[in-house]
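Both complexes shown next keep subunit A, but they swap its partner, so subunit B is in the first and subunit C is in the second.
What follows is the complex of A and B.
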């Protein structure tokens, strides 16, 4: 499977610099914290933390490839997880036998997929049919989806999931956390979708020049619609992992993820103007941020240092990219 | 050196390894009206930008008013009295005439407070200098093109211009406006102000200029007093080929046409268009700006569909309401503006070639067969003479001619039977232009019907067997190009101005 590692070797999309800096961060943390950072326990814990952001970032990349953005992703995730939680709390009879619980869990997963795709469909409709700029359309739907979630829950957390459900967020298969496995599967699917299919290539073409895409007979509206639906689907899945991992669903959970996913996408080499980016870049960028935040919290910096460090990291990457691009030019 | 405002000797310039100017020499004396002629992409614009200090030259010498500049910058150029009037005039459309005229004084004088009185005085003075009356309180966007041009000229003259370079000044002017522009240029000459007229319109050069320098592919190929030139000589120098004897002839049979329209109309754009294109024909359509010609092209391609009349494809009536409809009916369209409507500049050549045909390469589960794509790309590059070391390079790395061939190849790979081209060789260098024309004839020979929308009269006469003239949305003339003279067609068009 070609994940685009060749692109890394060629240094396309500044992924090479990012990989290098990520590796440096990793080595630095290992060197500073040999007893805590470089441990199986830490790696396990990290592997449960970053997939949520990783999945949301993949969805964000999808929107950014076409030159758009999707601010409603976390809103969709929370709405999906809250509706799922209601199924468990209000519909599923308590003390259901094991088999029935499993059926309900499957139903909740299907519901999250359905809610995610429906919300994405609304985004896609506003953007491709009514020509609302993506940033405004998804800003509006973000408020809408979050608003619905708040009204349904009155702002409180919904708790009371069946124990089985927590497997999605906390379970392991062959030593690997389920969230990590889901993320890797989605990453693989994305790589194939973007690099090996007509649909994926159409996304790049639209992001590069929407007008030329139209004149080439690409069904721009339909492609955008589908891409926002896939984005919504991903958000729905992220919502499942979030509610399962924290054992609760809340209207305002993880709202900082939205800006962080933009940060990850940009770090990973996705151009905000569209038409360029690789799924593999998302993996590297999200790892870099995870190393930084885990490392710094072990170094006993303030808990709030994470934001600061990530900001510095983004700026550092931009500066390095600027200088390497300048050098390549001359 | 008396009175030589500009003296360029053996200027060299290259961009990213592509030599765009080689050993170009040019001089303009005080009070001279010179012409810099050449087809699109010959290096004219680059040369202007070197004179105005926007680009630096790689080799050769630049002397302005006798002073040599090893590295000319825009400020020096302006100080030496060089003023360039670009096609877009570089005016501020939202400001008034007076503000536009006095702005550089305002900036230069470093005053923090605007004196409206002073501004009006300057505006009045500069308009008087070129002998024009105009309401200084009108905003520039309200003015017609010719008015904007006058403001730009007045501004240049007020800035102590000694040489005014005009880039294609007549493109969007009516005949009357062109005449008054020429009068103005002659008046400027009386004042000792030179004009360098950049154009590709041969008759205008012969009309107004005293000296002609002709460029082709980045070199000066001919030069001298205008008196020594005539139309044929200039065309030959500009295009580098003999223009006689190789016109396109159609020798097909008069069978059911590939494309036929009956009273095709679109409100406010064109009406009652009866058009036929037979297999192997190359039909040209020309008309002035705003004649409805682009609208007709877009309607045939479904971009802005017609609202009346019928379209027949090989005898069958078809409905074309969208680009997809047109594609399904085997109609292809190579757009007017390659950069904004045709190409995905940052994307690879391969993606540009197959943007709308990737579906053909799907294997199981919608996965693309990149081996086949690679082979098809190599074949297309070969067929269309696209030169590039790697199909993974972005299409922006190609020259204009190669880019245009990519768009052409993209559309021909859809298997279209009717090919519509809008301005197929705009901004393409002469060599590529020739290649593209050759390719179009080959495509026609295979039985495709071609429709060329263009205002390049020579291109139409040489490559079409029939030419239709559109004016105010209706066809007014249908001409067989066999023995049609360039003059006749130009005169016909000018009659509509």
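What follows is the complex of A and C.
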């Protein structure tokens, strides 16, 4: 299977540059923090932190491939995790036997998938059927989904999950964290979806030229609808991991993930105007961001300083891409 | 008559009246002068922001960094003025905040026009960078002892009245600033070459370039002005609430964009009016301020605004796609 590695070897545009940046970040952090960064413990903790951002970034990439954007992803994730939390807190009888708890957990996962896809469906409907620009549609639904979450919880955190549930966010299988395994599975599925299916190819075509895609007989509306539904589904799964890892669900959790997922997508070589980007780029970019983030935490940077760095980083990457593209053109 | 009926502003005005009567009908407190004065007062800051967002949407772009710029401008201004123990005329803090906002706006323009970057992503980046910079390196504490000129400004009323229970209510003079700025922006957009250029650029960028319009200059003009308006809105906001809080106005971009879109501006650019925008602002302020009066808990505020925004944009988009066919 071609995971895009061939493209990297051939020097496909921004991905080689990105791998270099990631490697440099890694070496820099190892050099600055030899005792704390380059440890098994740190790597283990990082492997639990980045998958949720990685999954959201994959969803963001999907929207950006068609030239759109999905600002409602974190809203969907929180709504899905809150509804799931309600199942545990309000519906599941306390002291349920092990088997019943597992059934409820399966139910919560199914619910998150359903909520995610329904939210995505509304986004897709607004964007593809009513022709609302993606920024506006998802800005509105972000407000709506977050609003519903606030109404449901009154803004407080919902806590009290069964111990078993924390496996999704904190468990390990054969030494690998469950979130990491979920992320890798989704990444593989995405690569196949984008590279090997008609749906994926149509996405790229719509992103490069929507009008041409429409005239060549691609059902643009349907493809857009499905892509936003898959995005919502991914956000729902990310929500599950978030609530399981932190053992709580809250309406305003992880709001900085919106900026970060766009940053990861752009850093990973996804063109914001659509039509180009690789799933493998997301993996490398999310790693770069995680190295920086963990390193900064160890260097005692405040969250605000990180916010500053993310913003500057996003702009810097866009400028570097501009110069690379200009050079390639001439 | 036919012409009036087809105008977006007319329908907005009808909806506004209708909503006022619904809210007023279910709760008499709505018509009290205390409530009406406070609604006008709370539309000032949002209105000034909306004028900036109108400009940028007409130009075919978008700006989500303006609340961050506003906070940055007023916080630095207040912090500096407190440091030098400022007591001069109130014009100085306004000019200072406006100047800081303008510089930040020009930074957006530079990034967008020089590197041909997408406004949404640029302003997402600059917004985050500016907020992060402010809180990491300038301060996170709320300043509650504003310089005296700003406190005096917040007490400035153009009309005061003593109620039967002895309390005094007033119509805030800050509303005059909104009126003045609205007239100025309307004049610039309609009567000046620059303003017409902004419409042309938003209508069709390629055509604007071919027609020889100075597009880079228009970017600097638009985003610079957005920054200036953000700085002004910021200092008015902090003066009216008598606090300089660096965590303020988070998420304000959402409501302001909603108001401007409600007001009939099209996100694809080239379309939008000042009168529509101001009506849109009144509508959002009315919805936000009246939920409690009609017995809806404030928790529902986000949902209400989300639904209004989605419905409004969906209707507009649907109507224009019908019209196109």
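Before moving on, here are some points about what is shown:
The rule is short, and it goes like this: the second predicted complex is superposed on the first by the 305 of 330 C-alpha atoms of A that agree within 3 Å, B and C clash if a C-alpha of one lies under 4 Å from a C-alpha of the other, contacts with A are read in each partner's own complex, and residues count from 1 in each chain.
We take it that contacts are C-beta pairs under 8 Å (C-beta built on N, C-alpha and C of every residue); 3 or more make two chains touch, one makes a residue touch a chain.
Because the structure is a prediction, the values reported are computed rather than measured.
Judged by the touch definition given at the top, the superposed model places A:197 against subunit B, while subunit C stays out of reach.
In the superposed three-chain model, the partner touching more residues of subunit A is C, compared with the other of subunit B and subunit C.
In the superposed pair of complexes, A:272 makes contact with subunit C only, with no contact to subunit B. When the two complexes are overlaid on their common chain A, residue A:309 makes contact with subunit C while staying clear of subunit B.
By the touch criterion defined above, A:208 reaches subunit B but does not reach subunit C.
In the superposed pair of complexes, A:151 makes contact with subunit C only, with no contact to subunit B. Contacts of A:219 after superposition on the shared chain: subunit B is touched, whereas subunit C is not. When both complexes are aligned on chain A by C-alpha atoms, no subunit A residue touches subunit B in the first and subunit C in the second.
By the touch rule above, subunit A contacts subunit B in their complex via residues 192, 196-199, 201-202, 204-205, 208-209, 211-219, 275-276. Touching subunit A in their complex are the following residues of subunit C: 62, 111, 115-118, 120-122, 124-137, 140, 254, 257-258, 261, 267-268, 297, 299-307, 309-310, 313-314, 317-318, 320-321. Interface of subunit A with subunit C (complex): residues 69, 126, 130-133, 135-137, 139-148, 150-151, 154-155, 259, 262, 266, 272-273, 301-302, 304-312, 314-315, 318-319, 322. Looking at the complex, you find that subunit B touches subunit A at residues 303, 323-324, 326-327, 333, 335, 340-347, 351, 355-356, 358-359, 362, 366-368, 370, 410, 414.
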